[in-house]
Amino acid sequence: MECNGVPIDDTFAEGFPIWISRVIITAVTEEYARVAAVEATGFATSAIGCPCEAGIEGTLSGDMTPDGRPGVSILICASKKKVKEQVLERIAECVLTAATTSVFDGLPDAEERFDIKMHFFGDKFEEKCVVGGRNCWKIPIMEGDYIGEEEFGMVKGVAGGNFFVMAENQMAALVGARAASDAIARVDGTITSFSGGIVASGSKVGAKNYKFPIPATTNEQYCPTLKEKVPDSKIPDGVSSVYEIVINGLTEERIKAAMKAGIKAAVMVPGVRFISAGNYEGKLGPYQFKLADLF
Amino acid sequence: MECNGVPIDDTFAEGFPIWISRVIITAVTEEYARVAAVEATGFATSAIGCPCEAGIEGTLSGDMTPDGRPGVSILICASKKKVKEQVLERIAECVLTAATTSVFDGLPDAEERFDIKMHFFGDKFEEKCVVGGRNCWKIPIMEGDYIGEEEFGMVKGVAGGNFFVMAENQMAALVGARAASDAIARVDGTITSFSGGIVASGSKVGAKNYKFPIPATTNEQYCPTLKEKVPDSKIPDGVSSVYEIVINGLTEERIKAAMKAGIKAAVMVPGVRFISAGNYEGKLGPYQFKLADLF
Amino acid sequence: MECNGVPIDDTFAEGFPIWISRVIITAVTEEYARVAAVEATGFATSAIGCPCEAGIEGTLSGDMTPDGRPGVSILICASKKKVKEQVLERIAECVLTAATTSVFDGLPDAEERFDIKMHFFGDKFEEKCVVGGRNCWKIPIMEGDYIGEEEFGMVKGVAGGNFFVMAENQMAALVGARAASDAIARVDGTITSFSGGIVASGSKVGAKNYKFPIPATTNEQYCPTLKEKVPDSKIPDGVSSVYEIVINGLTEERIKAAMKAGIKAAVMVPGVRFISAGNYEGKLGPYQFKLADLF
Amino acid sequence: MECNGVPIDDTFAEGFPIWISRVIITAVTEEYARVAAVEATGFATSAIGCPCEAGIEGTLSGDMTPDGRPGVSILICASKKKVKEQVLERIAECVLTAATTSVFDGLPDAEERFDIKMHFFGDKFEEKCVVGGRNCWKIPIMEGDYIGEEEFGMVKGVAGGNFFVMAENQMAALVGARAASDAIARVDGTITSFSGGIVASGSKVGAKNYKFPIPATTNEQYCPTLKEKVPDSKIPDGVSSVYEIVINGLTEERIKAAMKAGIKAAVMVPGVRFISAGNYEGKLGPYQFKLADLF
């Protein structure tokens, strides 16, 4: 199968369940909502070494937020236990402290719910209030009054949606990956948690050559500079660089939409030669996103 | 004392020692170095609830980096024990995985040094190499070869440099704080770790009204909406909003330079009415930065 | 009438006909389309002293462009005669010369059409081709081949949609104006041609006190610092700064949508006190946008 | 000669005299100075079809500007006659109208000076004032009072500094050109006036195949897709894309510094294969910048 003349590998991306909360951050301008969102979703590329996986889902006009101000929606993804802790810490440290922000639950219909007792920060000077039909706390702070919700929903979503952008050289692969991550940024219900939405060093579980425990090591089958050195290299002829795009999303359907948008964007970039995806042969994750089925 | 007609409070900022590593991130363009730096310094506003405090120190031309590529310098600040762990995790998860990046030690003369064994990620496919006189590891990854240092220095620096921008209303305070944080961004050797370099909700240690243990609560003396409700409000007449600028730096001298640059910038903004600073009356931290001495 | 507690003046904005072309600029990534669009729409705030009025209408995903690449849509507004010249010069100088761009007609159904003979740049090395059903020229250039359309439509649209954001001080007015221009940036079919979408120095036609010919001078009725010096000041009590938002659009309906979105955003900003609009009492322009009718 | 293993052509860039004014735009924050600067320097890539050539020279901290506010410095380049007109129009339409800006002469020591009578906009409500030792006008406008200088210097500078980034494919050439233009952005006294500092379609004077007058057409010798079709192609083997970097500067020395910084940055990008430069064999311009002499 081909897309814009670029062969699409006959394989699938393998995904895993992950719990996800969606937090709506509003502010006096979209810029200040984004400033807080960027800080709140930092150090959150991969659950292997970060406390969670997080990213910016999209921007919202005043018509789309509970308080009528512009906003940014973020997704925070982790194990069920850790989601609450991470939502609390990231809002308390990165959003409550940020200029002019408010926070609202972005999954009000989710059955699974939790409470972050952030209003204790008010030291009993805080009061309850209602904004846009949401039960909020008004907490006196230096800038004035912080207002926000404390109860958030979470849903079982999908981690590990992915595809590989393979190109004739590194700069073509890089721009292809960038076009892909830009396109996915427009797909609601999904995030790409890695820096700039691009993964330069896709990994395998554990190690082959080191004997001590190590959670992940380089995926030598997909390393172009090892093509002649490993027996089972999966680097096609004419390819000398690979970037992986990794997607988390609220549903399987959203992951598929993001993968499709990303692949369609990547293959438009000159020098992109092949699209593939990563999986564990179906042994680990319950979700399989076959590339051919996306189109 | 006044600066541009704005009264400067007769008080001081109180600082504390903190251990700091400086990491130089280079990439194919400054933009990609910045993308990695933003992710690596995220979720790092305050050691109260984040794993460390971190921020972008500045940008570097190719003449200023070991590998001749453009770069971004970041500071990672924590207790001595935690610095190593945070440098490792943030580089491994946010920079090694980012497109086209390399990492170098930004404090090569520091006596206190540590090693992050990141080359194990190479699963024995990695090799030693030298770049710009630095001992590096070349690790095969999907994009090609990652190259970077593993040994980093750390120094005992200063946390908690700060001042308050007080204004006649919230938007004047906000733009004043923004002008201040922009100015500090140009001061080498310093960072402002909070979202956008601005703190909306400065805190006090512990709580006055809640009886259970809580690390920090709102600083009601500096809350404008509590001015009439607390007996010891420190909100001057004519002020209705306050932002705090918090600065970490490699030395006392750098903190002073940053405070001076920030205050000079803030007082240029129309509507800014008063500059003060936060301290614990000298009971907690060894460093005192008297505002009057800056000018 | 009020909106979020802010009084809306009982007046109307007065608009004028203007001819508009819409140019779709695509590129390898949205960033490069935007770089070209920013240059192509510069020096184009007001027809009083600029060759045209122009601005960015919005961004387009690959699904929305003829060549499947990400894009930016711009509007170029002038007299009927000047539109063709300006579209030619701005595309030839700012887009054909820009990296990886293509150009397509954004008004394919417009009856009024014109041709810019840009393919002569190819010095007979150029060839015709078809992209996404559009008749294009492929011109060999240094980066490879430039591909784009040469025939564009134009329609009679509306210039001069406007409103005034009035606030208790300058910083509140500024952030209010910024929130407004951000909101309008999301409204299809409209642009705000001034720097950052904000006008600091709204004008009147001609002069009152200078006797030589001068196209426009300061609108002293709306100058806060002249409130006590002119007999007919229109500055309400409690207002000390005013910004004007000026909107051009493809239709009256689009202007109304933009004015509504902008005003709703501005009144959310603390310190904004009054919304008004500018007109010539209906003597000059055929379009009247009554503020009260927007809501 | 080689730089980082990339051959540097044994040729020279040919430059021409051009008159240049430097305008310092200050604002409440660097962001607002930049917004005005971008608009004021737009539609100014090449004097062939634009009213002038202009670009952003750099950013300035409050310590470096007459009014103590952050600023952006721009260069406006044209024939001696046109500089005055362009400085007037671009300041009057794009900066006086922009939020919170002031304007100052950036060449106070230049002997050649001119006056733009912008204060007439004040309709006799304006007053003289002095800021930072500069004679300014204070003009009442809607946002408050605009303050700025009216007299500017101009100097005879240099246009047409240039070099070619040639790479194995288009994306490598693009990123190489981007790294180069980023590096030049740090060199004082210079600008790159084209969109993003990169020229995709370098031209020759006149036409070879069209017989009617036409100022410039594609430079077929440097078009990779014409390599087999023209007898005198200058595209080296292994090169399939070329971008030109064009630099204007205050002095020959500044042009050289910018060319050196740009070339050093470009050759660091993987896939860049050759650096050359454009000239008319010394027949047209008095300045020759030999590439070999830069290093």
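Each chain gets a letter, A, B, C and D, in the order it is written, and its residues are counted from 1.
Definition applied: a residue touches a chain if its C-beta (ideal position, glycine included) is under 8 Å from a C-beta of that chain, and two chains touch if they have at least 3 such contacts.
Keep in mind that what you see is a predicted model, and the values were worked out from it rather than measured.
**Student:** I want to compare two interfaces, B-C and A-C. Which one has more contacting C-beta pairs?
**Tutor:** A-C
**Student:** Of all the other chains, whose mean CA position lies farthest from subunit A?
**Tutor:** D
**Student:** Between subunit C and subunit D, what is the separation of their C-alpha centroids in Å?
**Tutor:** Subunit C and subunit D have C-alpha centres separated by 25 Å.
**Student:** Hey, how far is the Cα centre of subunit B from the one of subunit C, in Å?
**Tutor:** 39
**Student:** Which integer distance in Å separates the CA centroid of subunit A from that of subunit C?
**Tutor:** Once rounded, the distance between the two centres reads 35 Å.
**Student:** Which positions in subunit B are in touch with at least two other chains?
**Tutor:** In subunit B, the residues touching two or more other chains are 28, 144, 170-171, 174-175, 269-270.
**Student:** Which residues of subunit D touch subunit B in the complex?
**Tutor:** Listed in rising order, the residues of subunit D that touch subunit B are 4, 28-31, 61-62, 67-70, 144, 175, 178-179, 182-183, 186, 261, 264-265, 268-270.
**Student:** Write out the stretch or stretches of subunit D touching subunit C in their complex.
**Tutor:** Going through subunit D, the ones touching subunit C are 28, 32, 35-36, 38-46, 48-51, 89-90, 92-101, 120-125, 139-146, 164, 170-171, 173-174, 177, 194-196, 198-203, 207-210, 214, 216-220, 222-226, 229, 240-244.
**Student:** Provide the residue numbers of subunit B that touch subunit C in the complex, in ascending order.
**Tutor:** The contact residues of subunit B facing subunit C are 167-172, 174-176, 269-271.
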